[in-house]
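The two complexes that follow have chain A in common; it is paired with chain B in the first and with chain C in the second.
This part shows the complex of A and B:
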């Protein structure tokens, strides 16, 4: 327990202090880290649904895009302050997730397929509802993050602190639920749903709660991204990238751990940007695929459990 | 307390239960016997909500059971164990009980969890992983512990003694007796072993091909030639 506290404190010091101190003046690096954290936030949300809810979603792009559009439109058309609109973006994604709830009764690949189809609907809606979304032309000059107490959050370093806080808050919520009775019940449901329901656990309702929460987090991250890059169109907001990269990141890092998706997203995205891209300017994603394949062969549970095992071995050797 | 009337369950063309009528009062301890495939576990599934009857009515303390989903039946006081133990995966023994208490009983009471651990003899294994840290008899005990943690009024025990060696069985029977006497529970127990039924129950119900063919005291049941023929193929005294 104490070791965990030390790791958590080290983690916070590193990301709030050391990372900005080291890279704060290099716009390219810090903006890549912001992009990696955007993936990380979605990956945490995806893993929360996958690990606790036991559902593999191929539809997180829908929540990402809905959050982005709701927040952007509220600031542009209704004059909402950016942070209030970002929260509303999360709420909008949660509301959108209600439409997929009937699919919670489906299992395994059937749920995955239903969500994939569901996600496609929102891209079409965003394209066709031109009166509201301006269709394929997209939204330009979306208001940026505000300046608070003289600190401009619209800069790369400001945005870094905002998205970092969003992701860490999501991880804290995830960790808290996982250690609660609700988390116990959800974990138990994977293998033994009937035996869990027999004990009074409302399984579908708990899964629905995880879906709503996962959509909320993803919507917030999508909304943040809209204000960070200040531009949206349907193909970008609902791009399959927002579904696929978080899955790759979560599985690479270890989707059954709370920190796995975060570590995985940083590792995958930054390796891709700074190493694979320079090795293979076109088609560098193929190395990403190979890296994921290697990780699955080497440690099916991902990077974080692999590192944990390494530490465990060293400690044994020392005693 | 529990009242089933004309319950009929079919899977495709097969009739698993035909017009089963059964009443169990508070604090009763009823043995449910019959050959394999007679419909005993199906009857438990109907009561606990895992199987839906084609016809018939079921009520528990005057509440219509058939309208209630599985999890709601736990909350009104019906608990069951599974023939093949179903520990909650990825959790410790204690966490298994905590889930049962939180959702089944609707409150948290750490002292009660300790009592139950003590009662089922798993106090020393409380922090072990429930799915792979336990022996068979301990798995069976955990099944009973989970059921108790939901604070039930009626427990359905599906072959909790099967597969245990004699000493373990005797000990487990003591536990069941205490459970019945101290907690004042109604119990329906599925069991193949005649001696166990004779030792535990005041009443035995015999199912055969989905029908109730006898509902008497255990002594009467095992002197009933028709029952013995259908149940074991053996004759009394053999």
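This part shows the complex of A and C:
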């Protein structure tokens, strides 16, 4: 427990202090880290549903896009302040997730397929509802993050602090639920759902709660991204990238741990941008695929458990 | 007249297009042990699952203390203190023995007393205390059955439904399990016991039902039971009268 506290404090100091101090003046690096954190936030939300809810989703792009559009439209058409609109974006994604709830009765690949089909609906809605969303033309000049106490959050470094806080808050919520009796019951449910039911666990209700929460977090991240880059169109907001990269990141980092999706997203995205891309300017994702394949063979539980095992071994050798 | 703790009346239930229970009526009085006997496929487990809301009841009624509970969700039955120890135990193999028991404290009704209930369970089942940190999947069949019973006790059962606790266990272990159940009976707990092991089950019963092909074909108090007649019925050598 103490060791965990030290790690957490070191983590916070590193990301709030050291990273901006080191890269704050290099716009390209810091904006790549912001993009990585955007993936990380979605990856945390995806893993929360995948690990606690036991449901693999291929539809998180829907929540990401709905959050983005709700927040962008509220600021542009209704004059909402940006932060209030971002939270409304999360709420909008949660409401959108209600439509997929009947699929919670499905298991494994059937749920995954249903969500894949469901996600397609929202891209079509965003394209066709031209009166509201301006269709394929997209939304331009979405209000940027505001200036608070003289600090402009609309800059890359400002956005970095905002998305970092969002992601860490999501991880804290995830960790808290995991330790609560709800998390306990959800993890037990993976083994035998029948057994948890006879213990009085309202299993479908708990799974629905995880779905709504996962959609909420993803919606907030999507909304943040809309204000950060100040542009949206249906193909971008509902792009399969928002589904695939978080899954890759979560699996690479270790989707059964709380920090795995975060570390996986940073590792994968930054390696891809700064190493693979310079090695192989076109088709650099091939190396990414190979890296993921290697990780699955090497440690099916991902990078974080692998690191933990390495540490454990060293400690054994020392004593 | 006082209502029975649990009563089912003319219940029909089954899976999909297949009906399993045909007009099943039975009652369990508070503080007694009611035993449901019958061969494989007679519908005993389905009856317990229908009571728990795990199988849809098509017609008929289920009552607790005279209050209608037909069609209730499983967690509502648990909230009312109707607790099932399932056939095949269904314990969480990847969790420790203690975590398995603590899962039994999930319902809000018994959660505040989880710590003292855990002590009680360990007192009743000292072997589980020895193995509390062990993964449940590494236990023997008898110990796994003890975990399932202990987990049920953590839920503070008002009506304790126990489905074939002797299944797959060696005779000496069956004796041990029934000694545990006898202790519960002596404490005045209301028990509904489903068994194929006629001999052991009768040693505990106050009232006996015999099921066959989804119907109750015999209902007797323990004193009225003629074991030879029961065996004849059990093996369908004659029809019930």
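Observations
Throughout what follows, the second predicted complex is superposed on the first by the 319 of 319 C-alpha atoms of A that agree within 3 Å, B and C clash if a C-alpha of one lies under 4 Å from a C-alpha of the other, contacts with A are read in each partner's own complex, and residues count from 1 in each chain.
Everything below uses one rule, namely that a contact is a pair of C-beta atoms (placed from the backbone, for glycine too) under 8 Å apart; a residue touches a chain by one contact, two chains touch by 3 or more.
Note that the coordinates shown come from a computational prediction; the quantities given were computed from them, not determined experimentally.
When both complexes are superposed on chain A, chain B and chain C clash. Residue contacts after overlaying the shared chain place A:296 against neither chain B nor chain C.
Contacts of A:200 after superposition on the shared chain: both chain B and chain C are touched.
After overlaying the two complexes on the shared chain, residue contacts for A:185 are found with chain B and with chain C alike. Within chain A, the residues touching chain B in one complex and chain C in the other are 181, 184-185, 188, 191-192, 194-202. Every residue of chain B that touches chain A in the complex is listed here, in rising order: 48-50, 69-72, 74-75, 79-80, 82, 86-91, 95-96, 98-100, 102-106, 108, 131, 146, 149-150. Taken together, the chain C residues at the contact with chain A in this complex read 52, 54, 73-75, 78-79, 83-84, 86, 90-95, 99, 102-104, 106-107, 111, 151, 155.
Those residues of chain A that touch chain B in the shared complex are 181, 184-185, 187-188, 190-192, 194-203. Of all residues in chain A, only 181, 184-185, 188, 191-192, 194-202 touch chain C in the complex they form.
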